[in-house]
């Protein structure tokens, strides 16, 4: 299964970067959304996945079953999701404001500050 | 010595306040008392001791780790320079107090002048190579400030930059050379380095020699770096007289002389000095002869002198070194005087153009008289000290070989010509049409030349005044075991005298041939602008700017998509290359094959992502991203991550809401890319995708160490008092992450809030 | 049959705007909002043992408020909050920071969890700095999202 | 037997996901897509329930609750948006 | 509503008192609470109609489920058959429901019933516009919907 | 256990949260900011002294033993960086008092500023890879916020690039962390160092190392990843530019120093050669970029890049002296570059423009300001006896001794071109006559002491380092020894566990 | 065993309804008819799965959660359907040409129930701003 997920990671990264290479800022921000999902999936997949054994301790026995899923990548991904959400919220508003200021959604037109 | 420098630094620091105060009382000349006192002090305290063969060394730590010490060393060579700096400096300050009377920012002028003086004193007395370099660079920057004193003129700024660029550039090479010398010799203390000749050989030593010589040559205007010096004449005349004749330009010479005991026996060292010095001598002399601006002529004549000094060091025999010292003293005396007199002419007549000046004899008799003495010294005629110096040069050349004699004679005859022209053109002949009515120069402007030339005359008549004390000690500093020698104005009829006569005759012939030729000057200018080293400098500068603009236009082209392409490739190429060359294609990890449902789940993820990418409809894309989020949540849940599933679902929902809220007023999808660009971008994107897939597969194949997670699983309930291990990690084991995370959210909120609400014109 | 949209355009364009608030939606929202809020607190409190926690709870609560925003508009939402969302945000952050401090009193490292366990009416109650921290997270998330939503929502589009 | 049923159910729900996805792709109008997404959310809730039965982990139900409570917000949000901007995409 | 709240409270109290947290114990506690409220209903006005409404509600729920399944099957058949059998249209229904809550519940129940979808309520809250899929007999659809409304209102009032 | 280690982060976070809660009162925000800047500075000094005394200071957050919890750890490099952060933060706080419009303050300027410092401090202190990511994000988002605060068009244009490229960098960083965890099962830097020693597949380790290198390279503004920097650094308020210029890229550099001296030391030949060429190209492109500019802050921005090159080269040479040079360079650069940006703000305030062509006359009208500019400018160009000279000297000396002739050659060339740029500013802004403009500006207008004080203080520090650089050298020497001998770091972090 | 059978039946039914809902969504001719398919069948299917879950576990807390889920779905699904349907209707998403009646349209435009066009109006929605502008004139 990890192989399929690894392929999926590739697809997400490719899609994200392709979108980020578009000149339309809306596409750019969509690319960012996909990108964060892609990175999260890397963390999730690279540590190996387990079906049906969430890292919860049994209420009664206070023990866990053997071979439960690794909780640490989950915690990392959770933090990453939250951070990505904050970043994304910022970016979305940024592209809208950029659009309002520049009057255009072409990133190539937003080159007044470079040279 | 440190006290000397401190006094001058203090004086420099006070100048901006002190000078206006003195100026309001017409007593700026009083400032000259300070260098004068120092001169007298050095003369009375150090000279007798040094003449006795004593040296003074005082060392204080500065940055011991770098071997940088505040160590000052006084021997003949440094004392000679100290005397020159303070002595000539006294008169320069006096001179400037009158010459610069009407300039604005006089305080700042003296600030930089004294700062320079302090740096120069430091340079010549430093016993630590690094310390010497520190002062070296300080002279460069203070000289920049002085050259560009008329900073509102663009030309002055440009030429000041040129001087700075060449000297600092050379300085950087010198620094590298110093580093090398330090590591080869094992110390930076000059007094230790010069204990014996450097024994080491080899390419590293050669590199070191070249680097040090480069530093010295740039500073002392040796060919091919000679061009900056005449251009530095943009500076006010006192500056030219002080920095660009008597002191700073001799720093390179000083350095070479300083290191002579250690490096003088290196073949490369002396060969380079001979060639550079020889070429510089002749070139400078020719250029001086053809110049029509007095200051230019003097500057090129200085170049000649500097070349001569280098040349003598290159010969390296005792005779040459004696000649070196003699010529150094003589030149400093007459050249500073010449500059001051030229300044007086300019100040009085308002012109420096030899072809325009004339007949000043009547209005400026004192100046004229002094000019004659100075020029005779330049021409190397008795009974001035210049004559002795020139004789010494001839003798040194004669002792070496005949080619060198030719060079020396050429230089001497051209100098004679220049000297005579300097007497004839401005002062004799008919009255010229001048920009302003000339008048005799004031006392402060003449006192300097008068005293200096008297010294020249005195030393010429009674060389005993200097040869046993100062010159002997200086020669000793350059050649530690020099034999005793005596200078005298009359050597009898010998080859040197013959050469002098020859030079005089040739010089007079050349004067006859001299035409104030604008055509020649123009040709000369064109030459130097198109092929000469100066042209090289300007071409280099132009090239740098051209390259800079070109590069910036190509690299920093303002196109985000190009930036991203480069950056993505910067990930793909090195990482991919390393992966494939050092690790190889990863094997497929041995894991359970997926079932149909898992495949469907991932298919939904892939399809919804791809649809979000290809759809031309913006909101279809957003909705598709929502579906993608749900698919990710499904994967999380299927693989035992309920917390992630919940979070993903919630975040996805809120993301879509946010997008909907924000994009109400945002543009739709526009497609700007051509088919080719789309394909190019797709290739770049796919490369990254493939790379990431390979990396994940590679990572799945290895497990170098067991995970630390077992600790969390074991202790979550006991120590963390929670059954949801993920949550215990988040709020306890790794709570700091979560703390950072909530601040990220808060910052995002603030950012969004300010972006929406704080706009131009809103309040 | 003519295209519905054309007919609509032809007949009366402004009917949507004469009547753009759905009674059904409003009434339903009033029912759903408290449900979601209660549920969010539930998620917050049990997060240490089951899926949930401050972040998830906060998101649910924020979802509840955004429903309110979409239904009743920005002004109504502002009326609903008697403090500014930024204050909630600040309180959340300060709580998060405060939770790191108590351990200093007992000479332990920052962030060391302190637990106070006791039985109240037969139920085991666990009070801890961890809970304070989680509440801080909860409030921060609410504050963040509400700050964003109230900033972004244009009063002209989202009004009562 | 239950295992077989669950596999059948996984497959049919996946099929449903696919069909709903096709509607999402086809549109044609924005509300059509929103409706498709809502159905996907419903199917996902069903899948979470199925996961719970499959693995015996009741925690998955909590995700279902959350989804049930919040997924419709997307519809509400889009409804509001459609009122403001119209149903035409781009 | 208050009556239901009390009933739940009583059930919870029962569970606490017995100390057995089994599902069936909750049901049992609820039943006992119901009986208690039934006894109280004569004297306490706040809960006076609750005992009557609970069975009606349950009855309505069953009725609703039956309708739900019946109509779902109808749509299901339509989905399976290749041709679209529907005859859709938007009809208006006079509302007997008065309060916002009543109107909302009626509208939502109608929406949940397959074949019908509440689109809008008139500004004066008197008419509900419903999109119906099978308008072969418009009057019958109307009648069914009215019937549904009446049954719901009975529970509510 | 040394709780002082958390204080720099805690103070900035608290300051940020408090200023946020005082969002209604500008005056209280200013008070809180000043107070926390002062306290931070004091704590930073104490921390540095403590580190000098003890070598390493370690704090296991929440008393969870390493490698399980998050470890904060300060060696001399970290503590020095914290002190520099305190200095820059203090200067920026002072400067902001009078220069930041009330509107900006009302919309969270001070909160963002302090949270930026919190992120920076966290990045310097953490000993955990993922925690570093978190602090990076705190820092990034705060910088996003500061960059866009004001909402002008050029800010938005610059921010789009800044945000996009940095988020890509974060994604690569995050993925690399995921892969690293997947292969080693740990996140603690010291533990990673232990677990990566002697692994068979060094090639895969190099791959991961390169991913981190690219990611940090983007943050540090290295070639060819720096595009975001010149596109954006000149757009926000000057105080913000100054903090960015001083600190942000240095966090990337710091991370490179840390990772490639503690974690990825298995194949130094390979990794550090890449860093060397990265550094050389960075220097060249940066300095050439500056040569093409005629806007005060843009020149300075490009020079950040060129100076980053020096720091990379120094690290790549990887001898004790080179790393001493690198640390020295970082310290010098932070102070000087911050100051130059602040000065650009003062000239902007007086001349109303950043365009060199439209400026002039400052030397005549504002000689003291000219002096204060000359100090950092000449220091940046590496002229003695200022801080930059010693920084450059040490690096070049290390290059010479290590025989890295390319590094030496380009280092010298770039030094010269840096001087060219600084002199360009000097000649245009200070020496040149003030050009006639439509709206004549008064160069002699009164300047707030709040703005002058930090500039003068930083200039004095530059001179002080130049005149008495030995203590900093000693500091850098200890730091270099620690970096070259990671065992001490590992023992300090993991000691007492297992 | 009995419970397992019931659970199985419920799950199978749920799956079938869900697939039917999806097919309906795909094949029905216009938005409202598609929503008929999804809202109801989807809700029904989800509820069936949840009941199956409750029966499978037979635990108090899980049953409570199942009841909560079902309640939430029953409350939110029709509201969402209503909101989308209504918005789409007023936004002018075309109805299937086979639609026999539109009393809602008649209600808002009784003066021209025949479907004639008034030529003097269409320009009013040429710009979004008009829509915002008219918001202010709400009675």
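Labels A, B, C, D, E, F and G are assigned to the chains in the order they are written; within every chain, residues are numbered from 1.
By definition in this document, a contact is a pair of C-beta atoms (placed from the backbone, for glycine too) under 8 Å apart; a residue touches a chain by one contact, two chains touch by 3 or more.
Remember, predicted model here, so these are calculated numbers, not experimental data.
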item	value
Chains touching both chain B and chain F, listed by label	A, C
Given chain D and chain G, the chains that contact each of them	C
Higher-contact pair (C-beta pairs counted), B-C versus A-D	B-C
Whole-Å gap separating chain A and chain B, where each centre is the average of the chain's CA atoms	50
Inter-centroid spacing, chain G versus chain F (mean Cα positions, whole Å)	56
Chain C and chain D, separation of their C-alpha mean positions in angstrom	23
Junction residues of chain D - those touching two or more other chains	15, 17-18, 34, 36, 51, 57, 59, 62-63, 65-66, 69-71, 73, 76-80, 83-85
Of all residues in chain A, the ones touching two or more other chains	16-17, 20, 25, 28, 38, 40, 42, 44-48, 51-54, 56, 59, 72, 76, 78-79, 82-83, 86-87, 89-90, 93-95, 97, 107, 110-115
For chain C, residues that touch 2 or more chains besides their own	16, 18, 20, 22, 24-25, 28, 32, 35, 39, 49-52, 55-56, 60, 63, 66, 70, 86, 89, 93, 97, 100, 111, 113, 144, 148, 152, 157
Which pairs of chains touch, using the document's own definition	A-B, A-C, A-D, A-F, B-C, B-D, B-F, C-D, C-E, C-F, C-G, D-G, E-G
Contact set on chain B toward chain A in their complex	552-553, 556-561, 564-565, 568, 588-589, 591-594, 598-599, 602, 605-606, 609-610, 612-613, 618, 621-622, 625, 628-629, 632, 635-636, 638-644, 647-648, 651, 654-655, 658-659, 662-663, 665-673, 681-682, 684-686, 688-693, 695-697, 699-700, 707-709, 712-713, 716-717, 723-726, 729-730, 734, 737-738, 741, 744-745, 747-749, 751-752, 755-756
Residue numbers on chain C that touch chain B, as the complex places them	47-56, 59-60, 62-63, 66, 70, 85-86, 89, 92-93, 96-97, 100, 111, 113, 115, 126, 128, 130, 133-134, 136-137, 140-141, 143-145, 147-149, 151-154, 157
Contact set on chain C toward chain F in their complex	84, 86-87, 89-91, 93-94, 97, 100, 103-104, 108-113
Complex interface listing, chain F residues touching chain A	130, 133-134, 137, 140-141, 144-145, 148, 151-154, 156-161, 163-164, 167-168, 170-171, 174-175, 177-179, 181-183, 187, 227, 230-232, 234-235, 292
Of all residues in chain C, those that touch chain A in their complex	49-51, 55, 144, 148, 152
